[in-house]
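Naming follows writing order (A, B, C and D), and every chain is counted from residue 1.
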């Protein structure tokens, strides 16, 4: 994979979420949505290091992971529109998506709860000798939930093939990381579990791929879990409708200079810029086609509402 | 004096009252201080009372509910906020095994005067992990008081009662009712814990409801009145202490009971009301007890599906009709 | 073939069967591997099946129940052990918000074929944090199956059923029954999930019980028979799926219902049985429904106090008498 | 405090628990008991650094803490006998004791659950400016519970006057620490919370007092929480009746050479030995008197069983 591929992968996520926001504003998305605008380099960089069969677990802010791992875009739109999508039949919506077909163990709406679950996917990989790894993404704030602590220690002691990616966007909803922890970097906690921890620039897909790649290799070799802390910034609110009055003036504007797509654009010569324009246009077309396809999906049949509780 | 306030403003007013009038109160939870709470319940409080009295915690519900308990045992009067009732489950041990037990297990030598504020219920498009009505889990736990206000006035009065109570109280608010407006008696004396309320008289059937199902039951009663059925509606308000006397007295007049809640049916607190009626009001009952509740499914996110499971006024209407026509 | 085994030995036999006959099963929990489990449930399993199949976890119930879920979703069939049911509350999120939801919220694309084994109930001198009967919290949660075996044979059969089930099943055993001995059909085919059982016929009253209250109800029935009251005793066995048909059919014969459980009264699962009866068996009922349960107090440790709250056969006798004499 | 005082304090705990075991064997103690035999130097050393008004929270293995902090011995015996003791009226028994009169926030039968509660006591101290500190003891295995993680991070970020004493006896019930964690010392986790962590010889009351004292001073000064990991060994089973077949041959015998009382005895000259003999005799008499007093306490009145649930 090279730069144009990364750009395309990130642009797809960005465009997807921009259009999602517009659809939300237009009343086409009933539930709450949490965007990863600005954080796209993390799922894209990480996904580069993964194979089919590797598991990914994310949070409610997981659209990027779903797309980067190949979950069908039209299906995602349809799911979030409350339609009978092939993804989760309208039962999950934006914050609790999953797709076994793409080994996407799924999002989770309970902070940190995905980490123990991802540990279980890693257990399966280890016990069946499949060679798969289990990658799980959480936010900086989630590092203070007990579930994450328990899962990390357990993965460490069982040598499970788990990679924890902490997307540190320095906010837990509306609270700053300084009010949440007394450490400079959350990766410092790795030592307490006896596992490696690294901090990387989360706005650079290459840096992410390098660090996650190292952790994935380690995990595949049976050497156990790692933590990769990817530093990034949210370009938007915590959720759709968040006015962000808690963010200092200029913070978002400054972040817009550093975000992964802007960075590539800023460094691009005329030739590359022209290629990126083409990609943008292709991505825009892909996204519009996905929306159109999603709109053709019917709403779920209320008569099926009691299905799927039990086998 | 009575002010017209929205439910969520009434919560804010009660919290202002608490921090203002009781120097031993402290308030904490996620995004409650500077941000003013995800729904604005604590708007302005940090500015007014400062970080000594209201502060943000890490995303550590077990940690901060335990902190509330330890603080309450040693002399503070903490109010801890769980952002969505669904998140209670990450901290359930501190509620069931710790907060609820300490007074009893110490033979009354400790007490735990603390409040856990939360809000619950479905909303359009929200997933199963942000939609639950969890009162049955709480009301089965001896040692807790459980309050479910359904009006702005009760959001104010019951929260103040909770703050003053020397027992631990969980106040589970109804998110869907936050925008509703109503008169709030801001200068009323603080009420004692407990007490159901007959919010509409009627001779044909008794509907016992709480939280969001109270306005639904009242709407149902209006509709039923148009067809000549007079429904008595009881807002149960507190599941603990449980005021079954008010319920029983009503059943003795109507002979018919419908219980309505948003939580799913099986093992919901409606079962407790029905069970008491089947035991204590047996000779008064003239028709089978009916329950209106969500069926036993996790909450789906799609509104098309939610419509098929969320109990509304129409379900109450139907249940009362069925009961009266027996 | 039938062997005479103690309840706890029947559990061990079922686990041996599971690990032996299904290569996708793994077993984990605290002190389960080398130590063989605090009650001996897993004695010999580590020696026979090795660390690949059965291993100890850190004291991290949330961690390992989540691990069970992730493993079940991706192809294993984990059995996770919670040492005492009381400890479930530190891991409740993984049960209520995760394990119970995943199949529904993915529209059936994932499943969670896992078993959570635990044991519950009071024992003499044990404190409130090691004494609870928590089935009502579980049975109110859609998406779970809930099994409460009361005999060695059921400890064996129901655990095997749970292992084979593609739904998540909580098996809550009765610690106080671990030493009881009985015939176990070790070569019986694996039974499907669900099904109450009439364990004694009687025309005068129906007693619905589960777990430790089943032998108590049978002892009560013996005593009542001596005074001419014929009690039908139903072992409910599974709270989910709930076999109310068997209960309703019995009530249609006896007209009288007593529900007995060790958990505290308010919001206990007995309320659900009583509520269904008040709704579905209304015309059959000839007396108020009675519930036998612990009063709403945390469990005290002193035996002198426990005696005053723990329900026993005598309470069932008294409730049946009262019900029949109406 | 000097050596004879420490010896006496530790001997009281040892003797208390030895007689408790005998009473249990004789059927006078209905519930399960968990002894701190071998670990006495930890509560005794720590208590030396505390004042009246300082809070202590312990686990089910907390008899030593209760005694070291001055909870009435006869009351403790009576409580464990299931009598209507002045401690907890027979409602708590051995594993869930507490005593507000001695600021003993109490034991806890849920692993780790006392740490968040102790954090609350520290919050009270901080907000009321009382100058008190909150000391909480847990086992090595408890460090892997989410509740401990959450509480430690929260105490750190709030600068609460909390001291966590980890009594590392290298076993969680019947499982070895090597199967529980991948770190050499649990105090290494302190860095992940941005707080100090130290390891000390938990069989030496002076070493414990020095380390806990430092943490207590720090906490009192408003500089926040610390972790003190005290290395020790259990001389007995996890609970009364534990056959300890999981312990390697000779382990307990070796531990008996290193345990705090034996150590003092081994180093004692004839003069000191004679003084220790006197202390032993006095302690024995005190314990027998406490048992006699406890036996005079009536059993609780069943008619009161519903009292104390609510105020």
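Here are some notes:
Convention: a contact is a pair of C-beta atoms (placed from the backbone, for glycine too) under 8 Å apart; a residue touches a chain by one contact, two chains touch by 3 or more.
The model shown is predicted, which means the values in this text are computed figures rather than measured ones.
The chains that touch chain A as well as chain B are C, D.
For the pair chain B and chain D, the distance between C-alpha centroids works out to 40 Å.
If each chain is reduced to the centroid of its CA atoms, chain B and chain C end up 30 Å from each other. Centre-to-centre, using mean CA coordinates, chain A is 45 Å away from chain D. Look at where the CA atoms of chain C average out and do the same for chain D: the two points lie 35 Å apart. Counting partners per residue, chain B has 58, 60, 62-63, 86-87, 89-90, 93, 97, 101, 104-105, 127-129, 142-143, 296-298, 300-301 as the residues that reach two or more other chains. Annotation for chain D: residues 89-92, 96, 108-110, 113, 144-147, 150, 153-154, 157, 179-181, 309 touch two or more other chains. Contact topology of the protein chains: fully connected, every pair of chains touching. The part of chain C that touches chain A in the complex is made up of residues 26, 52, 55, 57-58, 60-76, 78, 93-94, 97-98, 101-111, 142-143, 145, 165-167, 241. Within the complex, the chain B residues that touch chain C are 62, 86-87, 89-90, 92-93, 95-97, 100-101, 104-105, 127-129, 132, 136-137, 139-140, 142-143, 240, 242, 263-264, 266-272, 274-275, 277-280, 282-283, 285, 287-291, 296-298, 300-301. Interface residues of chain C facing chain D in the complex, by the touch rule stated above, are 30-31, 34-35, 38, 56, 58-60, 62-63, 86-87, 89-90, 124-130, 295-298, 300-305, 307-309. Residues 144-147, 149-150, 153-154, 156-157, 179-183, 188-189, 191-195, 224 of chain D touch chain A in their complex. Residues of chain A touching chain C in their complex: 55, 57, 88-92, 96, 98-101, 105-106, 108-110, 113, 115-125, 127-128, 134, 146-147, 150-151, 153-154, 157-158, 307-311.
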